[in-house]
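Chains: A, B, C, D and E, in written order; residue numbering restarts at 1 for each.
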Amino acid sequence: MQLAEISSVSLAFLGSGGAGVISTGELLLEAACKNGWYGLLTRSVGPQIRGGEAAAMLRLATQPVDCHADRFDLLVAVDWLNAQRFALEMPLGPRTIALCDPESGAVPEFVRAAGVRVIELPLKAMTAANPEWRPNMIALGAALRVLGLPEDAARAAIENRFGDKGAAVIVASLAAVKGGADAVESGVLPARLPAPAASGTARWRISGNQAVGLGAVRGGVRFAAAYPITPATEILEWLALNLAKVGGALVQAEDELASINMIIGGSYAGAPSITATSGPGLSLMVEGIGLATAAEVPIVVVDVMRGGPSTGIPTKSEQSDLNIALYGMHGDAPHIVVAPQSVSDCVFTAQWATYLAEAMQIPVLLLSDQFMGQAHAAIDRPADVAFVGQRRIARDIAGTYRRYSLNGPNVTAMALPGTPGGQYTADGLSHSERGTPSSAASDHRAQLDKRANKVHEFDFGDHWATLHGSGEIAVLTWGSVTGAVLEGIALARTDGIDVRVIAPRLLLPAQPERMAAALGGVRELIVIEQSHGAQFYRYLRAHYHLPRNVRVVNSAGPLPLRPGDIYRELTAERAA
Amino acid sequence: MSDKADAPSVSTLSDLLAVAYQIEVDAIERYKMLAEQMETHNNVELAAVFRDLARAEGIHAAEIRRLAGDVDVAALGPEVGQWMTGDSPEAADLSSAHYMMSRAEALRMALAGEERALAFFEEVVKSVEDPEARELAKQLVEEEREHVELCHQLIRRHDKPLRRLGVEDPDAPEPQG
Amino acid sequence: MSAEPKPAYKASDFKSDIAPIWCPGCGDYHVLLSITRALAQLGKPPEQVAIVSGIGCSSRIPAYTNCYGFHGVHGRALPIATGLKVIRPDQTVIVTTGDGDGYSIGGNHFLHACRRNLDLTMIVMDNHIYGMTKGQPSPTTEPDLDTALTPGGTGLRPFNPLVIALASGANFVARAFAGNIGQTTSIIVDAVTHPGFSFVEILSPCVTFRPDQRSWKTQVHPAPVDATDDPARAARRIMTDDGFNLGVLYRGNRQPYTPKFGGSGCDLSELEREFEL
Amino acid sequence: MQLAEISSVSLAFLGSGGAGVISTGELLLEAACKNGWYGLLTRSVGPQIRGGEAAAMLRLATQPVDCHADRFDLLVAVDWLNAQRFALEMPLGPRTIALCDPESGAVPEFVRAAGVRVIELPLKAMTAANPEWRPNMIALGAALRVLGLPEDAARAAIENRFGDKGAAVIVASLAAVKGGADAVESGVLPARLPAPAASGTARWRISGNQAVGLGAVRGGVRFAAAYPITPATEILEWLALNLAKVGGALVQAEDELASINMIIGGSYAGAPSITATSGPGLSLMVEGIGLATAAEVPIVVVDVMRGGPSTGIPTKSEQSDLNIALYGMHGDAPHIVVAPQSVSDCVFTAQWATYLAEAMQIPVLLLSDQFMGQAHAAIDRPADVAFVGQRRIARDIAGTYRRYSLNGPNVTAMALPGTPGGQYTADGLSHSERGTPSSAASDHRAQLDKRANKVHEFDFGDHWATLHGSGEIAVLTWGSVTGAVLEGIALARTDGIDVRVIAPRLLLPAQPERMAAALGGVRELIVIEQSHGAQFYRYLRAHYHLPRNVRVVNSAGPLPLRPGDIYRELTAERAA
Amino acid sequence: MSAEPKPAYKASDFKSDIAPIWCPGCGDYHVLLSITRALAQLGKPPEQVAIVSGIGCSSRIPAYTNCYGFHGVHGRALPIATGLKVIRPDQTVIVTTGDGDGYSIGGNHFLHACRRNLDLTMIVMDNHIYGMTKGQPSPTTEPDLDTALTPGGTGLRPFNPLVIALASGANFVARAFAGNIGQTTSIIVDAVTHPGFSFVEILSPCVTFRPDQRSWKTQVHPAPVDATDDPARAARRIMTDDGFNLGVLYRGNRQPYTPKFGGSGCDLSELEREFEL
């Protein structure tokens, strides 16, 4: 088995509080990417706010990567304290190299057990000799050398980051990097990253959470209400700073009940509006989302999923909020659910979500997750797309204004406050065409039809799913797991197994005809997802006709699925 | 309800005309509201009574407008005819309404308004210095006396033993929301 | 009075054609009348006024007016009004709610809206009961009121919304009685005109579940002193009054909150710069 | 087509505010039932709290009835004001008799159009002549006579109801009843109710909401927290009065966030606990329910469904909260969902729900609806069953207490506050066996397994569903719709169509083996439910293997399904 | 002190074997110490004490004690504590929370728990910030604190929790400073002993996101006067103090709320009687 198509190197920096391994990872990502490579960085930390053990996990590649690899090629330990808790997150093997200082403790069991080749990096001695060198900068230099990157690659990144700390810090850091590089040999790594091909497009370094913020603003969002929660807060923070730049505003709310209702108010007033949260916050928002459905007020709600149920694991990823996103509202409450598939796709999907909300005057839920939300990636600049929210607005109103008119299109023109003659009362009660409360069966059913039909009539186009390949075996997956699936399938292809991938970006409304076409000729289906309860599989059964032969590969968080997991499933399939 | 201290001060004829007019306007508004309430609550009989009362006050209003001649009472009314903390005297007390109220009860409501109006104009007769205004006030007092008497007559005709509102209602309230 | 002639609005210009379904005798009819009169006096056209409510008998007001309205879910009128006002500061935004909607399920937003001090007016029709759901106690209900949900009474001290409003930062605090339409109207005009968050508690009898409240009209009386701008003094006065003092009780001078908008804004591509490698 | 098996008479009293038609209906139900008949009473009212138009709809029968009939036999109008708004709720036909006073307005269009035979009842003249007679009492007398019941039948009911108003009121009422009876002829009704057979069991008059309260207390509930909402409030009010009698307590909460968390606290402290709400309140409770799942605290949450979405139609029935009940929690949050099928079944199902919650230390959602919740029925006294909550309690604790132990049964013994050595912290964070927060994949997955397994291992027994018949055509339905389905099928049987009914009382966890057995040999399946979005059908697809040939009959509220609707579906099926 | 010798408990008897994961220097360590010392002084065995919290750094306390604990969801500690106390009035129930958990998302329960006046103690570790989620402003944060979520500050007046507690009916109100362990311990003992709802605000610095709060230790000082039992006076004092007055500020004498239990109760069959035909 060869690393075909994707040529990448994986490494991790490990260390405990104060070792600075996360920033080291960020610097390396920036350094490599400024020099033409692509990459992905995620972090894993202990439960402490500050001072816990931490790992920065990187993958550098010659083309964009959306998941981690199956094995780390390089481990750089600034110290080994508490490193054992990363055992499951850090698959190693005999081809892995570990750089560490024997003086900073014994190599942990999971590293030794994997047969890793340990190479000494005398951090303590070097910092003793050069008191102004920081161990993490030495580690950075060592990593650069082992990876075969010039130490100078990090210069710009370091200058950038330490610019405001003064020249001395920059000089010391560069010296430490050089020292670290010189302390190791360059030929130790079995794998090697080829020089990057010059890419035509501009490249970005961005996190999934930032990407959601940007996409939403591109789609027209100008108002946000915020209640912080891990791992969604960065979306709100990005919006706080950037909405102000484009003439919008963010308001901090007292709780999620307030934030969801604030954006309903803001959108009613005319501003495309958003909020972002995670599972516990979404739970508090479902009543508001139902109101937005009933009153036909467009809003975008982002859920960056984390481990559940309840408070669960706030800092780790899982795909287990699918159920509540699809079905969490009381009553029949049509709404849209979309899910991006990678950091880069977050830009597109958030923009599209805003567009869909405005076009259909409906709540749109966007399901991201901790993995892609907090991952930093170097990507090609996402293309500009034409999806910008265009709400049907009632302007020159003559005669009786019918906000929820049943004559004409199901998406009805909305009057904005200030428009003469457009006065109406938006209402969560069942209502007549004018919005007046009514408990008549005729009104109730007519408006239920209207709200369902505006969604079913809408043409969602090709963006409904990512489709790939054409084999008789198909994998159905969604969200951030798609990256690993696509890579796993590329691996299988080198074994001659042709596998089709269908990854819906649009989860609600279901697209039965499109799915039927996508599944045409499929003999065996593998459903892959990251939830304990196989929520995606149940959803697929509920809404689609699936082939007879279905296998479900579902695992709870917090460990990410990797390409090899997928590859093994595919080859097991064949062996069986 | 209306309180002497709240009453607008009347010193000229045009003030008095405006206030008198406003009193009628407020009364009309109130009777229409009551009529609407009774329609909503299926008490058609009373709805008709209140519509009649509104119509009667409308006739009074027209009369005052005629008396006023050039004085634009419609414009002046809202400015001069303001009772600060309370209500204009003839306006029916909405809070004493009940969806099952009887004709006699409705008439008592009207009577209370007429009596308040009578008291108000009597007060004006006493306090106003402008002779023309006093003359008009006297005329209005006479008219209100007639209204009071008419109410008494009607009440006698329709009076039935008073029910204790809300207590004798055979229908329990229905929860909503 | 300003020199320019205002367009002359009548209260009826602010009334919709929907007939209220309140019980005849309900105080809320008076409040509706006072609001429409106040709006006529304020002289803005109906489309420049938005009225937001939650759920309850009192919360039915928006649709009875001819303004923009939002009849949201139970307890959440204030956040909706907040979003609306932030986006449309030119609109006059009024929240109409009840003692259940505003003080029980909506208590947290009450606290924080007072603190946030946006230029909003909150009008609470307080009848010391949940009218709409058939007579359960609210936070302002007397401890000994026997109800089906609390046989023998709650045993809880009613809370004092005016003190809470003051303590949490409302910039204008007043108490009115629904039956006093003239005074209520002028208090509402005052509240809407006063900058920042204005809180108006209106004692509004529920004739169906609290027929005893018919006696309120004999109990209310004007506050003996004028409004103060000292919150501590106002709090002391309110904590020691009989609950029937009517009038403007506090008139603060805090600057209203105005969210920072970036004006017309920069080009979107500027936002991308931070990501460029 | 004959009225086979169920011999019943349907009638409605109509009138506007103050006419007292609801109490008339209640008196008639009580009168008939005290005399041996069974019956069902529902009401329909306008949006006014007081003084709106109202209808009391009754069905009297010689055996228990769980739904309304297809047609009213008798309509008694005290007045016709606003009667038109009941048109859809009140199916009439040429065999219907209407009693009304020509002086109280024209017969409304829908009554005339149905070809109803109108018979005069001179209410105005009679009350003018007898000022102390109330029109509704006259109407009651007239109805008794037309139905063929002795007017004396109502004596006990009247004495009971007006006892505290004094003898004069009773005398006047009885006189009015007699007057009403004498004003009409007895032979006008084409249908006639046979004399009731003497029943061995004691009979009750009870509403579905009261029945839920009673069942819960039978099951062991001793604590409730309450936030009122229509149409669930009566459960809370019943519990307020009755929990106190059995040594329990109810606390009124400030909102539903408080009520759900209060019962979690009460149950943690040792008391089997309950709350009741409707859709909007349930929306606010889902975060708490997830906490109860994660911390393994037994609670019972009753949702009396009403029209949705959002505030919807608070006073009318619908089955559209199925989705949120099944799937409304974030993360993978196993819980139990049960649904009673009739007023009588509310007693059993609420008791069972309490038992299940305590047995598995898990949240149980009970889905009732406005139709059965607010219906008053005369039923046979529900049997005493042995399901009384028995929680596994840790008592004499030696050594380290592991609240969430993984050695031994998945339902682990719970220490109650006060027990020495049992101190632990219940937590919504992912946790270890001791309850200590942990974000380790091993702990997370082990506890997810534990929580899922305790449900899957449990033997729910035969109560999982109501099964009926054995034809090749099957109807799958649930909740209060079951009553109409069973009657519709009985009608079809008289046409020789044999139809099987499967009505799961247990919705979650799904019971695939049991369902497969129940569906054995079924060629055609009809799914019948009362939701616009066909939520039950989607649920069935997600969890069960359904026959190829499935037809979905779903309609939104607020109109109830009737036996004839079902019968027509079945015969249409045959014709097709 | 009673004549019978109490079992002598040490603070360490109330500490669990779980090591706190707070940042070194965090004020919450002091609070934990004060709570365990106070419990030792109170002399009840650990299993007769229950500590309930929501989510936040401060809310992690329950598992660090050796008492019964409930680490619930964000903002809902008080309702859980309410259910617990109603069912087990014999337990000493303490709520430990933060300024975000207790005053922002939990604000409504704060209001209503004060009003309900169950015999509970609420301890708020107020650091004027959301520590756990990395430094967003809480209701007590100063208006000009620049944070990523509120660049340039919120512009909102911080709210005064002690006044809110008083206004909504807390029966005991005190302010402490985490660093003054002795005083904090005795305030907690006092709060737990005082009947009804006791509210203790503890200024507890967040060294990570509010390093400026290290100066608190030089700013705090004892309240100049003794506690009053007049809520209006107490409110006035608190509204006009500098926010660093430490000590018991109000000691009320309202009867605590005790829900009506029906004793051991009747036979279930009695409940059925109302249904019999």
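Note that a residue touches a chain if its C-beta (ideal position, glycine included) is under 8 Å from a C-beta of that chain, and two chains touch if they have at least 3 such contacts.
None of the values given here were measured: they were computed from a predicted structure.
Student: Which chains contact both chain D and chain E?
Tutor: The common neighbours are A, C.
Student: Which pair wins on C-beta contacts, C-D or A-C?
Tutor: A-C
Student: Let me spell it out: compute each chain's centre from its C-alpha atoms, then which one is farthest from chain D's centre?
Tutor: The most remote chain is B.
Student: Among the chains here, which has the CA centroid at the largest distance from chain C's centroid?
Tutor: A
Student: Just curious, how far off is chain D from chain B if you go by their C-alpha centres, in Å?
Tutor: 50
Student: Based only on mean CA positions, could you tell me how far chain A sits from chain B in angstrom?
Tutor: 69
Student: Please work out the Cα centroid separation of chain B and chain E, and write it as a whole number of Å.
Tutor: 58
Student: Would you mind pulling out the distance in Å between where the CA atoms of chain B average out and where those of chain C do?
Tutor: Going by mean C-alpha positions, chain B sits 29 Å from chain C.
Student: For chain A, give me the residues that contact two or more of the other chains.
Tutor: 47, 244, 250, 254-255, 257, 280, 287, 290-291, 295, 310-311, 427-429, 437
Student: Among all residues of chain E, which ones touch two or more of the remaining chains?
Tutor: In chain E, residues 73, 75, 104-105, 107-108, 111-112, 139, 260 touch at least two other chains, as defined above.
Student: Could you list the positions in chain B whose residues touch two or more of the other chains?
Tutor: Chain B, residues with two or more chain partners: 40-41, 99, 173-177.
Student: Can you give me every chain pair that touches, using the contact definition above?
Tutor: Here the touching chain pairs work out to A-C, A-D, A-E, B-C, B-D, C-D, C-E, D-E.
Student: Which residues, counting only chain D, touch chain A once they are in their complex?
Tutor: 47, 85, 88-89, 257, 279-280, 282-284, 286-287, 290-291, 293-295, 307-316, 318, 320-321, 323-324, 326-334, 427-430, 437, 439-442, 444-445, 448-449, 452, 531-533, 535, 538-539, 541-543, 555-559
Student: Would you mind writing out the residues of chain D in touch with chain C in their complex?
Tutor: On the chain D side, the touching residues are 46-52, 226-230, 233, 236-237, 240-241, 244, 250, 252, 254-256, 280, 310-311.
Student: Using the touch definition from the top, list the residues of chain C that touch chain D in their complex.
Tutor: 21-24, 55, 57, 73-75, 104-105, 107, 130-134, 136-137, 139, 148-151, 154, 208
Student: Would you tell me which residues of chain D are touching chain E in their complex?
Tutor: Residues 30, 33-34, 202-206, 210, 214, 217-218, 223, 225, 242-251, 253-255, 257-271, 273, 287-288, 291, 295, 378, 381, 415, 417-429, 435-437.
Student: Help me check something: in the complex, which residues belonging to chain C touch chain E?
Tutor: 104-108, 111-112, 115-117, 139, 152, 155-157, 159-160, 163-164, 166-169, 231-233, 235-236, 239-240, 254, 257-258, 260
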